[in-house]
Structures are given as C-alpha cells and as structure tokens.
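Across the two complexes that follow, chain A remains constant while its partner is chain B and subsequently chain C.
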Partner chain A sequence: MDLAPTKSKSSSIIDCDFHQTLKSFEDLKPYLPRVWWPRLCAPEATLPITIFKPIPLSRRDASPGKGLPPGSDPQYAIEDALNRYNISKAVLTGSLLTVSAHNNPDYAAAIASAFNDYTLDHWIPTDDRFLASILVATQDPVLAAREIDRLGSHPKVVQVLLPVGSREPFGQRRFYPIYEAAVRNNLVVAIHGGGEGDGINPPISAVGQPTTNFERHNILAIHHMSQLNSIVCEGVFETFPTLKVIFIEGGLAWVPHLMWRMDKNFRGMRNEVPWLKKKPSEYIIEHCRFTTQPIEEPDNHELIQMLSMMRAEKTVLFATDYPHWDNDSPTFVLNKLPGELRRRIAYENAAELYELNHSHVEKEGVSR
Partner chain B sequence: MRKYNAAEVGEIEVGDCKILNIEGRSIGIYYDGENYFAIRNVCPHEQAELCKGTFTGTTLASKPHEYIYGMDGEILVCPWHGWEFNVKTGQSLVDPNKYKVKVYDVEVENNRIVVNL
Partner chain C sequence: MDLAPTKSKSSSIIDCDFHQTLKSFEDLKPYLPRVWWPRLCAPEATLPITIFKPIPLSRRDASPGKGLPPGSDPQYAIEDALNRYNISKAVLTGSLLTVSAHNNPDYAAAIASAFNDYTLDHWIPTDDRFLASILVATQDPVLAAREIDRLGSHPKVVQVLLPVGSREPFGQRRFYPIYEAAVRNNLVVAIHGGGEGDGINPPISAVGQPTTNFERHNILAIHHMSQLNSIVCEGVFETFPTLKVIFIEGGLAWVPHLMWRMDKNFRGMRNEVPWLKKKPSEYIIEHCRFTTQPIEEPDNHELIQMLSMMRAEKTVLFATDYPHWDNDSPTFVLNKLPGELRRRIAYENAAELYELNHSHVEKEGVSR
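On to the complex of A and B.
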C-alpha cells in the first residue's frame, strides 16, 4: 500500500458527528408535554453534569452571533462547516447527550423525544446534506423502542443514538428492545460520548471520579470499551445478525488492544460464552464502526500502523465533532492518510454503513 | 523589514484583540493595557483562528496540588483545543520548541500602532 499522505482535497467527505443544538431549552416547549415545562429551564434540572470543564464545550469562534450558542443556527453551521470543508453528508448527533444521566426516566425520554422533533423540524429541512439520529434515553429501553418506532421510518433518519454513559452494560438483555427496534427500522445503533459519571451513572473512571477534566477526558474511552465488550460478549450480534453499531467520539487506539485481549481470552474462556461462533474481533470488524475524532496524535507512521491494526479500511469513519472544542478539521485528519485509506475513511465506509449509495435512496421513495 | 500601519492608539481596548489582514496574512493585535502584541491568527495545531480565543492567565508550574495563578493577560488560549500560547514569544506552553505561532514586533509611532513585518 502507498503510505504517503495525500494532499488531495478532491475526495468526498461524510461527517459522522455533527452537533446541532438548541438556541435555548425553550425551543423544546412546543414538543414537550406541559407537565415538564417548569423543570425545563430550572438550574441544573435538565442535564446533570458533574465535572467542571474549563474549556467550554463549544468553540467560541463558531457562534452564529447575537449571543447564540455555536451549532444553534443551521444556516451559519452550513456555511461554517459543510460549505467550508465541502462535506457531502453530515450525520446530526445533537446536544442532549447527557440525557441518560437523568434520574427521571420519563422526563429523560420526553426531552429526547422533543429534541428529535426539533431536529426534524428545524434542521433537516434546511439542507439536503443533513441526516438525522433518533436520540433515546436508555433508562427505560421500552420507552426508547417506542421512540425509535415513532420516527424510524422518516427518510432522513439513519440511526438510533445512545449516550455511552449508562448504569448497566449495553449487551444486557434489558436493552434488547432498543436493538429490536433499530433492526425493525433498518437503523444503525450509534453510541456517542455523553453522561459518563454524571447524574445516576457510574463514575467516569472505573475506580471513582477523577479530580480534573484533563483526567476525565484522558480516560473517557473506557465507557466505549465497556459497551463494546459487553455487546460482543453477550452475543448481541448473534441475536441481531444484521445489527451495526458505530462508536462515536471515543477515539480509536483502544480498539486493537481490546480486540487482541478478547481474542486471547476467548481461547481459554469460550465455554462461558458458547453462543459466540466467531472470534470476538471478527464480530467487531463485521458489525462495529469507529469514528476518528478525537483522533490520537502520535507521529504519522505510528498512526498509520494503528489504523492498520484495527482494519481501518473497513472499520473507521471520519467525524469532525463540529462545533465542539475538540473538533477535528477534515484537512488535519484526512491529509495524514494515504490515498485509498483516505477515501475509505472519508467517505466509503460511512456510505456503506448508512447505505447512502443504494437503499437509502430507495427508502426515500417508500411510504411506510 | 516593512512597517505596517495597523491601527490608531485607543482603537483597541485593554484585553481586546483586533484581527487584521496584513499583506494577505491574518494577524491579531492584542493590547494588554501596557503593550501591543501582534500574533499570527493561525494555530499551528489544526489551523484554527487562534486570535479568536481567550487572552488570560494560567496556572504556573507548581508542586502537586499547589495552584499558583500567574501570567495574567500573557496567555492566548486557542478556541478549539485549548492550547496555550505565550503572547510575547508565540511559543506553546507544553511544547514550546515544536509548536510556535509567529509573533511580530509592534511599536507605537505618532499615536499609530505599527507592526514590523
């Protein structure tokens, strides 16, 4: 393989992590039952957050002006990101990713649902390049499945979005209604950072809460690791053989580590999980995808080696995380990659996952 | 060396940064109340517009669990990944020899802020 980085900017890009947000929580009112309104704007009542972040979540240079939050104005975001970087499709991943940390499962489900309606009304019609996720609160998987069925046939919806923070690992059977509904609606399941250590969820590290946001951010991927490990070990991909799961904003370099460790242990401990018919890494390579941001930044040849170890030509998808503080620009990430790998990561892997070249078009023509 | 007449004294308030296009280069002129600093408006990490970040101070090197605030007004924090730069030298705090942003000499002449390119 040619390992020289490419400088070409001509290839198409799909951004798998593009954050739209509200101008204020008031925006949810038209979609939210009246009973929940009093707590919507009360301090700390809607999104529980434990650890102070010295750098604000959103880039201050991405504000649309008038004091509005970055990512709250579709027209500004279209210019500032889609047009600037010539992005062909952007998967909207929203801004209520702490919702799984709320103590009230009904309130959590209601605001997730309101947010989904807001996205479909205020963002999706603004640009054909936007694709939607259905955010669900995982506290009550039956309510989550109901939400997936409510919106799953919308032609622009491509995935179900689960915040990674959770009281229980996602491979466990109580979450199966979510996977059943995703499969029923031909949707990808996306697991995105959010809610780790907040509210009702277990601590950010496995040994307790860290002292600083630096310490927190360094270890966040353990939540992605824990969910992936659980989903594979519990045989979710045997139960739902068509299910695809994408892990967003967890970085990448932990994936080879986990695959090697799982495969090694499988040789000696397979008898605990007789439902697994293949090596764990084979399930991962076939069913799981991982997005680049926040990409690790070793020197370039080490990065390419790491990508090779995780079969990135099949498993890795590009993401910006616009407009959050730790977003990656397409040029910064993609110019590191040799030609064919760049094409796979920038576009092809995502186009295949979300069936953008084929069935998605068909889906738009089908009334359900 | 060329002199560029950037702004009038009083045009940039204390703590503010005015971003100008100077001969095709985007450069921020920052005023700390005493001196003016001219800093290239491009972060060496991911090419964000650095001068749209925050001018502030930082925690100085200390013993574990000792917090000393200092360099107030001497640090520019990138609005993207939070990288800190010394406004006087352009050097990043963590990796000063590898990541440096270009800074230019600034003088005040006849009530004008002049950047030496």
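On to the complex of A and C.
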C-alpha cells in the first residue's frame, strides 16, 4: 500500500470496491421491521461473526474520529479517498457481507434490504461519484429478486451484490430468479468476498477450517473459483446472454489456471454440458470481470504475463477496497502497468461494464 | 493424449503417477482380517463411491482383457506403458483412494494395509522399474504411522501416499505422527487426488457440491491448494526440515497464484505465524513438488511462462496417470518443453526427490 496521492489529474479512475458501513446497527432501525430489532442489540445474534476476522478489519487511520468505524462517515471518506486519489466514480460495496451465512432467510433478507435503504439515503446523496450496489441475501433467491425489483430502477444502482460464501454453487437453478431480476433491471451481478466458512456455509478451505487468518486469507479465492466454475458450467451465460458478472476481492492470478483447466476438460467432457456452445474461457472473457485488490505481487514482468494470460485489457478492473486494512492505492497498482493496459484497468473496462458515459464523468471531474 | 511411442531411447523418464489396481476386492482377502470380509461382498459398503465418478474411470484400451479392470495385470501394464514409453521407473500410486473418506478409521486402516501388502506381493516383484507407495488412511494418523513403520524399510518403498480429501487440513498437529514416521523412514509424503467430497469429507467445491463431473473435475485442485497452504502455514517444514511433499494429479498452473498470495499476505500477517522463518514460496520451492498430469493446455508460450513462474526446473515432475481416462503420454507432455527443462521434468527432479541413482537406473534400462 502506498498512500501518495495520484499524480496525474488527467488519468480517470473508477474504484470498483469501496466499502461504506454503519456507524452502528442502530442505523438500520428506521428501515427494519420491529420484529427484528431485538437482534440488533445482541451482537452475537445480529450476523454470523467469523472467528478468523482480522483485527482490526479496517485501517485505523481511516476512522472519521469520535470512535466511529472507518467507512461510516461519507464526508470523511470523500476527502480521505475520492478526493485524495482523484477517483471519478466509486462503486459502493457495503458491509454486512456475512448476511448470506445467517440461518434465517427472512431476517437475512430484511437486514440486506435495510442496509440498501440506509446506503441510498445516507451515502448516495452525498457525492455524485458514488454508485450503489443492491446487497441481497442468497438463502432465498425469490426474496432476493423481489429486493432487486424494489430498488433496481434507482438511477444510481449499478449492480446486485452477492456475498461469495454459499452452501450451494451460484450456477444452480434455484439462483436463476436473481439473474432474471438483474437482467430485467439491466444490472451487473457482483460476487464479493464474504461469509466463507461462516454460519451455515461450508468450511473456508476445501479440507476443513484453517488455523490462522493468514492461512484463511491465502485460500479465500477458492470460493470465487467455485462460483465462477459453477456459473459457467451450468450455462448461466447461455440462459442470460446479456448478463455480466464481476468477481470482487478475489485476486486475479488464479483465473488463467481455471480457464485453462476448464477448456482442457471441455474437450473431454463436453457431452455432460451440451448447453455450452463455446469454450468456457470464451464465456469468461466475454461475461466475467475481476477486480485488482488484493492484487498479487510477484516480479512485475510475471504480473504482466499473468494479466496477459487472463486478457486483462478486457477483464480486469481497478479497486481499492477502501478502507479495509489491506486496501490498495491507485498509484500502488496502476504504476505497475504499461500505459494502455493501465487505462483499460483504471477506467475503461469499468466504464464499459457499468455503461457509464465517459464524457459525462470527465465533465463532472472538471466541475468538482 | 498421444499414444505414439517415445522417440528417443536415450531420454530417461520417471513416471510419478502409475495406477495399479485390484482384479477384484477378493484380492484383498489374504491380507485383511476376517472381521472386515463381509464388507468386500457389498460394493456400497466397501469404500465411499463418488456419484461424480467418470464412467469409465480408466481407458478401455488399457484393459488386459477377460473383463479385467485396466491396471489390474502387471504384465499387461508393463507392455502397455513401461515398455511402450521407455519408462525408467514408475512410482505406483494405487487405487482405493477414497479410503480416507470412510466413516470407520479401523476398517479404513485395514483396507489400506491390505492393499499395500497386495502391491508388494503382486506388483513390485514383476519388474524392477516399479517403486511403491504406502497408502494410508488419514482418519487416524497414529494408525497411519504404524503402517508406515511396518513397511517403510522395504527397499522398493519410496513414499507415503495420502488421499487429498480430508475433513481437516494436513498441516494441523494431529497429522504430525504421519510426518514423523515418513521422516523416520526416509520417505517422501505424496498427496494424491481422491476422496474429495466423498463420505465424511466436505463438499467438492468450496460452495457446495457441483452438478456434473465436468464441473467437479475443473475445481478439484482447490483441495491440493488447501492442503499445501495448510502445510506451509502451520510450519510443518520448520518442524520436519528434511520432509518433501509431492502433490500428484492436481495440475500445475495454480501454484504461482497461491505462492504469490501467500508471500503477499506473509508481509502483512507474519505475526500470526512466528514459526515461519522465510517466505512461503521459499518453503514451497524447497520442499514441494508437483506432477504434470493433468497438465493445463494453453498456448505453449503461456505454459512455459507459467512453468517458469513456479520454478518448474526444480518443482515439476512428469506423470502419466496411466491407465486413467485422461492420462498423458510422455511425448504429449515432454515435447512441449525446451531441452533442459524437459530433462529436469522427465527425469532429474524425480531422481533427486526419490534419491534414485541415475547411473544405476540407466544400467537397468540397458540390461532390460
């Protein structure tokens, strides 16, 4: 991480992973049915809490003061991140991402819904650069689809956000109401880290729970891999040909391996998936996007090779993960990249994914 | 797969994954306590059977005839693979690899033990080129260690074989009796595909069971990743500094991603693992080895780049996976590689790992 401000004002940046959070669970009360209020007073019953959680999760220097959590004050976050790094747009990816790991699907849906209202009321009006995600709990995809239809037409909403942790892979048919609603509302589907190994979900590692948060964090991307593999294999992109899926906070360097393995196996086992009309890697490059943070940090020539293998000029988008402890500054990531690739990753790929009008954004940048 | 014979007689090859199997479970009876015999007559109770299993698992053309399973007749396998491909040594990796997924640890240990006796009696004497693994069931590591001590001094035994599927990651302390016994007997520890998602083990994918064998096979390597990550993070290589671990049938191209992610996180979280004295990638390159099959098949220059990223000149070993359906011939794999790297992967890395005397092997090759 490098906290130096971005050098050039001319280089536009879209941040695809910017975390807003609550000052406290009290913030949800205006949007939450009273039947659920008692849970807000009992932290152990509010949401599944991972025993592996890094302490602290967020940068202490990103706190707005007065003992408030980092990312809980829009004005502070605007100064501390958007202005400091000259960010053109920031997609809010929220918090409460263990919501899909809760045992109660009705409560989980109500919490996600209340958080969405809180975001639209308390964050979106504070700065034109913020864009919103609709957080949904995946335990009940029909309730999730209802939430998407409730808020999907809001002009600042650009995507549906699914925490990656799940008991069932997202390619399976019971999740189709979510994709139908996303497509109906012209929204991207975002799959973001959260809920792995918590609550009702399977263990973090494929062979049981790890021992340390270090071990946990190293292996988290297997959940992104499993979801991507399921979505492609089940033919979700044949059923929903306009759907785009963005994988957030899963890292990047596993993508070539999975694409290659899927393509190899497709040659030997395509008779099992007759609904697939092209190679798995073609669906991935056309329909899937991946954000940079936490970007792997090998020698730079190896990073560039890996990015080339995954067609990063089309598939990779910049993200800070502000204000989490391991967030990346734009300079740290983008200075590693050659010019044209830097422009694609910093701005163009996200602008195309979210259908943002380039000149409009740049004008806003100038007027601010 | 390319079935053409290996061109040059001079290029020595060690095959690190050669599967022998039983003609039928009856073959185990001479080595198995009578109390377990009734299970051998009831296929559904013998070993966990994966519903995802490819049908057939093995190449039909590798059957010795008379309706016998491929890999069940040493003489046929010697002609069909060792002689055809001019293989100098073949490490037998057996079958019954769901043994660690069985609910009963005593039965599982007895089955593994019987299979080892069968291998040493029926396969090892048939050809000097065969080397043996000791299959152990990991449910009870103390019983596993006893089995390693029982057979570990046999001159043809080169390694202990653990199926990768497990309820607990292999770095955890309850597995240390296995590593102690392996080191005591100067044996490599091999972790081989098998038991993922079967019986008592967690699901195949990190987010629940997949739908097709295609989807299953694409994601299997997350079990290898999880075990490697656990073993390094827990400091197994600090506790057992002479231990070597070979990861078989997990593919290769995921290794750079995991090494890079571990090294990055080590910079931020090494306070959680004070027993680690160097970067995770250094332990991996020094102590871990990976076999080629099922090798990923991107454009060749991308494969060479990926192999360079994982220091393949030291870490990668050739394997056929004979006689399974997706086995690789030496020509198919080795012809992709430049000369020096080909020699390392085809022969040298395995000869060093298993401490095989090069000139001794070549002499055997000539006298045959």
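A few notes on this one:
Everything that follows uses one rule, which is that the second predicted complex is superposed on the first by the 343 of 368 C-alpha atoms of A that agree within 3 Å, B and C clash if a C-alpha of one lies under 4 Å from a C-alpha of the other, contacts with A are read in each partner's own complex, and residues count from 1 in each chain.
The criterion applied here is as follows: contacts are C-beta pairs under 8 Å (C-beta built on N, C-alpha and C of every residue); 3 or more make two chains touch, one makes a residue touch a chain.
Just so you know, these numbers come straight off a predicted model, no measurement behind them.
A simple residue count on chain A separates chain B from chain C, and the partner touching more is C. By the touch criterion defined above, A:R261 lies against chain C but remains apart from chain B after alignment on the C-alpha atoms of chain A.
In the superposition on chain A, A:S166 makes contact with chain C only, while chain B stays out of contact range. Looking at the shared chain after the overlay, A:D326 reaches both chain B and chain C. Contact with chain C, but none with chain B, is seen for A:A253 once the two complexes are overlaid on the shared chain.
With both structures placed on the common chain, the touch criterion links A:R59 to chain B but leaves chain C unconnected.
Overlaid on A, the two complexes show chain B and chain C touching the same residues of chain A, namely 54, 325-326. Partner chain A is touched in their complex by these residues of chain B: 45-49, 52-54, 77, 79-82. Across the complex, chain C meets chain A through its residues 54, 164-172, 196, 201-215, 217-219, 221-223, 225-227, 229-230, 233-234, 251, 253-254, 256-258, 260-266, 268-270, 272-273, 280, 294, 296-298, 302, 305-306, 309, 325-326. Listed in rising order, the residues of chain A touching chain B in the complex are 54-55, 59-62, 325-329, 331-332.
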